[in-house]
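In what follows, chain A forms one complex with chain B and a second complex with chain C.
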Partner chain A sequence: MEEKMGKILIEERQLVVPGEELAEGMDNLPGEGAFREDDKILSLKVGLAHIDNRLLKVVPLGGKYLPKDGDTIVGKVVDIGMYGWRVDFGWPFFATIPLRDGSREFIPNGADLRQYYTFGDYVACKITKVVGSKIIDASMKVPGTRKLSNGRLIKVQPTRVPRIIGKQGSMISLIKEHTDCFIVVGQNGYVWISGGEPDKQLLAVKAIRQVEKEAHGEGLTDKISEFLKKESK
Partner chain B sequence: MSKSYVETLADKDARTDGRKFDELRKPIKIELGVSNKAEGSAKVTWGETEVFVGVKMAIGEPYPDSPEDGVLITGAELSPMADPEFLSGPPGPEAIELARVVDRGIRESKMLDTKKLCVRKGELVWIVFVDIYPLNNDGNLIDAASLAATAALKSAVFPKLNGDKIVYGDFTKTKIPLNLMPVTCTVVNIGGKSMVDPILEEEKNFDARISVSVSEKGDIHAMQKGGNVGLEIDQVDEMIGLAVKKSAEIRKVLK
Partner chain C sequence: MTYAKRFDGRKFDEIRPMEAKVGIIKRATGSAMFKMGNTIAIAAVYGPRDVFPSFLQNPSRGLLRCHYDMMSFSVTERKRPGPTRRSNEISRVTESALFPVVDLSKFGNTGFDIYVNILQADAGTRTAGINAAALALADAGAPMKDLVCSVAVGKVGDKICVDLTKEEEDYKDGATDLPIAVLPRSGKITLLQMDGNMTQKEIKEALEMGKKAVQSIKKLQVKALKDKYKGAGK
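Showing the complex of A and B:
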């Protein structure tokens, strides 16, 4: 019997809505933001469809951040218990940093946990485990995690985070280069800016806001580079 | 933003949003007649802060100690819509302080000509309600609310009177009698530096705050200190001076 070839019904970067058919047939695969129903692939989100060979995915235009294994997030310490720290990162439930993953240093038994991170401190941590939506474990032991101090936090759309970082971090290193600021971009859309001169920090905020605003345009890196050069004179 | 960060910036003569210490936010806008049911209303947009003030008129008995004077009642409601940190329910200390500071600015400057609000001596006077509703809180609610209250009172008219009863929804063209136009200017002290018009982050982290009500003559009519750090007399002088100077700038919006 001859298998019918699948057909892709959308174009690259086409705007789709939830339930919209992306493809027919069993030889295409649903990626992020898409799901399979019988032999059809349907969209889950309002966003732009992307075709990667046979993988169909939808990048949402907006929406909340969904915690994912291995993501670096920026959050605020809101609770300290026997078990470790609780971090608010803009999700209905807090992430837990268990004691054993609390620091690269050794934490002795019975130590005052406020020495490490106290209430209101910001941290960049990495999600190690997500169970359902309630249990989110994070670690401060792995590379790229640190305590953040003496700076400002800005919140951006989580869906714009990949554009803010850029390909291989091109955009963020461009901004860092021009502003001499220390910047950490959390996948949850929290961006930490510290260091540098106060006016340079504001310039970094402006640049990031610009990227957020024009995230769907093309040639963004050049635009931002121009903007930074003009503003930093 | 932590307190130490705001203080570090103050040390470097900078503010979180890049303004100068004596720079007000822009734009400050007043919209009049926002509510068609109220006798007078105004919405003030002050940077990101938005405050709505409605003036409602009622009629009733005067206080026994001032039988010829109309009554002013100011209230504020901090709804959770304006700021997630505001809680619903009975007004808290912040709401009461906001209402009282605005009230005192109006009352002590004798802005309202209360004698002219008398209908029959000892029996019937006008009662003026000034209700403050912040719509969005990005700091400096006091200045925005008092500017909105002044603007709303300035535009307020009497409702029609049928015998001793008010016909609501029927307005006369007579404006409420006013004398002076006080505006309030708030100056905060962070790490020993005085700055006007604090945004929310600065308001959360200030050491001390002084709100000054100033009339167009430059007279100080009311003052309120906030925050739990004491001030030196020189600092108080400096802050009041700055407030009086900046109140003239705020007043320009009123015209």
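Showing the complex of A and C:
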């Protein structure tokens, strides 16, 4: 006997709230931000629903950053021990950069770890392993990680980060292009801006704040492009 | 004399005019206001954050902690600020009313702190508080399997009513107050308290009325949550 095919009850990018039905039938699957109850798939969060064939996801619109494997984060070195460095990145517990993942260079036995990153330094590192909320390992060895110096840090809402980066980095490269600044966006909502003229840095901050404010509007890239052209004259 | 007509002219199964708003407190992770007639509750959620004292931390599951308080100016006679026997009890029942819907398995060692404050009290403050807290939790991005809707039912004189006011609670021939919290999707009850006397039959009737009334609260909560992100998505 053939089972009845499931039905998807929402559209792509529809705003949903907790407990809202996304789909029916056992042939659909719950992704992140969704769960199954009997033969229904329901939302866990306030967010935008995404349909990926038979996988239903909800991307949250609010709330704090939750650490995830493979995310690049920006954080501050707050502790140095025998094990390596500890990084504060806006989560209740610190991430650990173990000695063996501390640098692309070779770290000799008994080296002064402050020569690499000292207290108060900011780093862009990559999360390699999330075991629990207290055990988060990060690495400085993989591409895209670096020590950050001579710049300014701004904190944005973590749920706006995908919009600040844009599709294939279109938004962030637009801002970089107009301001000649070096910008690192951490998935945790920490943005590091350095290089360029001081007033250009401020312009970059303004543009990022604008993106954060109007994150849900349509045609945002054009709007920001116009804004940057007007302001940089 | 029977209680033939309600003091404010409502029908017996009608809720007071309600209002809800999400995102009212800037520095909180999530926040909401819920108004039922003259009762106004605000709720703020902070978290996930570190739990103190640390022996309360649970590595396998996050903590949900609620702090309910009435503002000193919320009642006619000044309420002395700070926790009381009553506010401690309401904090605990609010926690247990919300706990079944929140999935905290990914938040080990951390906790969500909910602060519920009553700005203006006219009976049903714990129900307004739970409605506001559920909205604030959803706004804070906590994974929730459902919303929680709460309303008081009860008996005024000899009539079963929904959403009693203070005037009705103090009715001269006696009144019973029965606050409930319901998960709107399944109809499961997560809060059930009673102050007064009712027969089994009356309680059943009151619960049915309450469950019906809760649907309009859910509609308003959904609207409030969606209004915050107007223009987002489709």
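Going forward, the second predicted complex is superposed on the first by the 233 of 233 C-alpha atoms of A that agree within 3 Å, B and C clash if a C-alpha of one lies under 4 Å from a C-alpha of the other, contacts with A are read in each partner's own complex, and residues count from 1 in each chain.
Definition applied: a contact is a pair of C-beta atoms (placed from the backbone, for glycine too) under 8 Å apart; a residue touches a chain by one contact, two chains touch by 3 or more.
All values derive from a computational prediction rather than experimental measurement.
Enquirer: Of the partners chain B and chain C, which touch A:Phe35 in the superposed model: first, second, both, neither?
Expert: second
Enquirer: Contacts for A:Ile80 in the overlay, against chain B (first) and chain C (second): which applies, first, second, both or neither?
Expert: neither
Enquirer: Does chain A have more residues touched by chain B or by chain C?
Expert: Result: the larger residue contact count on chain A belongs to C.
Enquirer: Looking at the overlay, what does A:Ile107 touch: chain B (first), chain C (second), both, or neither?
Expert: neither
Enquirer: According to the stated criteria, A:Ile154 is in contact with first (chain B), second (chain C), both, or neither; which is it?
Expert: After superposing on A, A:Ile154 lies clear of both chain B and chain C.
Enquirer: State whether A:Asp199 touches chain B only (first), chain C only (second), both chains, or neither.
Expert: In the superposed model, A:Asp199 contacts chain B only, not chain C.
Enquirer: Of the two partner chains, chain B (first) and chain C (second), which one does A:Ile165 touch, if any: first, second, both, or neither?
Expert: Touch status of A:Ile165: no partner.
Enquirer: For chain C, which residues are in contact with chain A within the complex?
Expert: 29-30, 47-50, 59, 101, 103, 106-110, 138-147, 184-185, 221-222, 225-226, 228-229, 231-234
Enquirer: Which chain A residues qualify as touching chain B in the complex?
Expert: Spelled out, the residues of chain A in touch with chain B are 120, 149-153, 194, 197-199, 202.
Enquirer: For chain A, which residues are in contact with chain C within the complex?
Expert: Those residues of chain A that touch chain C are 11-15, 17-20, 33, 35, 37, 42, 44-46, 48-49, 60-64, 66, 91-93, 132-134, 159, 216-217.
Enquirer: Over in the complex, which chain B residues touch chain A? Could you list them?
Expert: 1-2, 4-5, 8-9, 12, 14, 16-18
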